[in-house]
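I've put the structures underneath this note.
Next come two complexes, and both contain subunit A; in the first it sits with subunit B, in the second with subunit C.
Showing the complex of A and B:
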């Protein structure tokens, strides 16, 4: 009897949790398959579900969507570039700090952590001025570099934690065999670090794909903005087409959700292990 | 200097360059722009600023703590080992996995007083018009806090689940043998092991919440009448008005709040490192 009440209690808890989590997302889905007139009826399922919105998007047939394909390409390009660059910079830095014990490595780690703790919206303001000084405003590289700056500290932290766990006897053995630091990096370090690197690369990629504020500040031309910034433009007018905005939003949200679920195991264990240990 | 140190310097150099070019230089330049006392006089004279400061404190005090109480409670739900609960957790993580823009706009539409689904349901059930939601500054800020909680609750729940999983099972078995109630199990087994993680996570979340631009900007845009701004959106508002000195002054005013929290986190992490 006690067991049954416990199970019933768990189910009762699950219902509000699911409603709370899924309602806004279901609302996006509902709007994106509704026609303009039926979108506001408040029904749980549209009378005549339609995929016409997605056709309008693909053919770029609306004022807000004239540059849809170039904008989604920008998002992809920036996310991949930020992911690859973060991975390259963080992997080498973590190797230098953790395995080569470079002098001053600890201070660099602390500076990186300090950056990690600066609220993102606060750093955005000086970053915007600096990008202006570098002449990078409205250049896709400005967003890539900003994202690398934001993602690298956490990436270095997690990779250093993972690297510290590898047995140091490996390095000793490699040294005695006359291996160079680069050989140690390539033949020992990289293969053993692959799982953490997958997690960190995905983390940086998703961070850049999902970013709104930095894109909004650094990019302003219709041809250079990301899809996130373009979605923000929709809301500027009161008569904006909600059903198209939601359909575009769905297209924009699907890749990160899919990537996230594909790499869920790596992500969750890789990203939370550092936090719990600390 | 041997070749290992030389390679160490070469391999760490790219990050150091990124730090110098995109953190140290911008921050120094920004602080230099914020050096004029007149900026602060102007900022304090702006009635929006005082309101914003209060909003920010409310946001940190209420939203973050509410979020952590919920996360603590939910982590207790998700540690139950059931196949169906694993599926619930997969769906529960969606708000965190999906980008903010579409979901926050979706919430914004739901609460639209004229066409939104919430008010049309209220109208259908009661025949009366629902509240003005986002056009009311207090409700607007409240909804921004709920949006923030909706978005970041899964992440912190995940952290606390990981914390609960690392508590040795024997402790619970021993408590069960002693006939401990659910509350006693929490009070004497779970909480002592989870406390440090809970507090440091709260602090870290407060720092990040200070930088949460999206939950407020995408939902209310700071309105109505600029009454729902927080420091993060106010700074960006000044940038858009081309008042960079005011934007930087806003950030400098947040430093007495940020720096102690950051100091605490740095201390906490270096302690974790050495132990």
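Showing the complex of A and C:
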């Protein structure tokens, strides 16, 4: 009986939260299947729903969408590169600090936390200058590097906490079994860290995928900007094609949703692991 | 197989001295147990032998080769951890094959060795399972299998049975001992449990506070403890000990007279600690009056907690006892089995 009451309570809680989060998405969807003139009619369902907007996007048939495919490719390329690079840096750093116990590891951890005292937006201009100095402006790598810079400290922190929870005897057993540090990393550490790594990799990937400010500053050419920046251009016009903006936005939101769905098993355990001492 | 030698081994953690110059020679094929209370340095000593801790001073040699600066993997040792430390993502087979794989043995040899070891340890049906699918005892056996499969010079065990329940512990104890008799590999076994030490060891090193208190065969330690610490640490239930004074060739203590073994060198008036094991106190026909506090019938024997004045004694008598709480009984200490220790130094008086 107590369990039933509890379940009922949870369901009652879930309904408003679900509505709250789905309502905006529903409206985006509504916009995207409405024709331009009926977009602002205020109806909960358009009189003549149409998928034409999506066709326009796919065929790049609008002024703002002439480079849609290359821009979504840029987004994807940058997000994946940022995810992979962050993961590589954070995993090796966490391994060195937590397992190999290298000298100065604690200082690195503290520095990593310290970076978050400065809001990312403050760093945008210095970052722009730096990228300019290295001739990276308008290059996809500039955004990748910027995103890795922003994501790595948190990633190192979480992965370090997670790897602290692996029993140290495993390393000792492996050492006695004859493993070099590199073999220990590859054969014992990586397989056991996979759940946390999936979570952190996804975090960095989505951070880069969703990034607007840095993309806007560091990339400026139609061919090099990400879709997030391109979406921003829509609003620059006096007469914005809202239905296309929303349809593109919907397309843009699909990959993250797919990633979340695919890795949902790792997300909860990965993001909370290291948060509390088990 | 190999002999192991510790020479003047010291270990400091910063300013804390953990081991104060331990010297110990372990013979080829010997089963040596390091036993002592927690914090006595026994695990540290083992981990130094394993190469998992730096050596602050002294030398460790395996098979005549000084290994102070040799990596764990090159010492040809295998270790069984208290927590088993099985690789959770690998099957039993992969766990056991791991070290052989790392040293690049041919796969036919690996298969043969893993299968043979699994056979010895009754693990054959579980080879394709993961550690999480095994019971505590099975995991323990896999941990041992991982050590055996390498055919190392020395086995190291670090409290391998403390995570098991009492019944399984007894069973595994016998299994490890049988295994040693079969493989005859030099073994260093760390435990805080003196029963494990007594039942398994060829020789025991009783450690306390970073020193070896006594080294000897199990029954030597039991029959002739070198000092008060060993006397009270070895044996279960523990030895009864109280203060007394030498007088007229016996010990006066607790308001009565206690008989002492023949040929003792204790001198008249010397303050001593008198020790007597629970089974060496017979009920009836003696000189010491006591009051029964608790009776614990075990079936084959009976344990009685009695009081002589305010001092508690444990008495173990074979068979059953009709005594009940509150009863007055007379204890007869066995003179030949009594132990005398100097009250100041705690050392045995011959």
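The rule is short, and it goes like this: the second predicted complex is superposed on the first by the 246 of 278 C-alpha atoms of A that agree within 3 Å, B and C clash if a C-alpha of one lies under 4 Å from a C-alpha of the other, contacts with A are read in each partner's own complex, and residues count from 1 in each chain.
FYI, a contact is a pair of C-beta atoms (placed from the backbone, for glycine too) under 8 Å apart; a residue touches a chain by one contact, two chains touch by 3 or more.
Values in this document were obtained by computation on a predicted structure and should not be read as measured data.
Novice: Give one of first, second, both or neither to describe whether A:212 is in contact with subunit B, with subunit C, with both, or with none.
Specialist: A:212 contacts subunit B only, not subunit C.
Novice: Can you tell me whether subunit B or subunit C touches more residues on subunit A?
Specialist: Of the two chains, more subunit A residues are contacted by B.
Novice: A:45 contacts which: subunit B (first), subunit C (second), both, neither?
Specialist: neither
Novice: After lining up the shared chain so the two structures overlap, which partner does A:191 touch, if you call subunit B first and subunit C second: first, second, both or neither?
Specialist: second
Novice: Just to be sure I follow: which residues of subunit A are touched by subunit B in one complex and then by subunit C in the other one?
Specialist: Common to the two interfaces on subunit A: residues 180.
Novice: If you look only at subunit A, which of its residues touch subunit C in the complex?
Specialist: Per the stated touch rule, the residues are 167, 169-170, 172-180, 183, 187-188, 191-192.
Novice: Which bits of subunit B are touching subunit A when the two form their complex?
Specialist: Counting only subunit B, the residues touching subunit A are 3-5, 7-9, 11-12, 14-16, 18-19, 21-23, 25-27, 29-30, 33, 74, 77, 80, 82, 84-85, 88, 90-95, 97-103, 105-110, 115, 117, 120-121, 124, 150, 154, 158-159, 162-163, 166, 197, 200-201, 204, 207-208, 210-214, 217-218, 221, 231-233, 235-236, 239, 244, 247-248, 251, 254, 258, 261-262, 265-266, 268-270, 272.
Novice: Spell out the residues on subunit A that touch subunit B in their complex, using ranges where they run on.
Specialist: That would be residues 10, 13-14, 17-18, 20-25, 27-28, 31, 40, 42, 88-90, 92-93, 95-97, 100-103, 105, 108, 110-115, 117-130, 133-134, 145-146, 148-149, 152, 156, 180-182, 185, 209-210, 212-213, 217, 228, 231-232, 234-235, 242, 245-246, 248-250, 252-253, 256-257, 260-261, 264, 268, 272-273, 275-278 of subunit A.
Novice: Provide the residue numbers of subunit C that touch subunit A in the complex, in ascending order.
Specialist: 50-52, 71-73, 77-79, 81-83, 85-89, 98-99, 102-103, 146, 150
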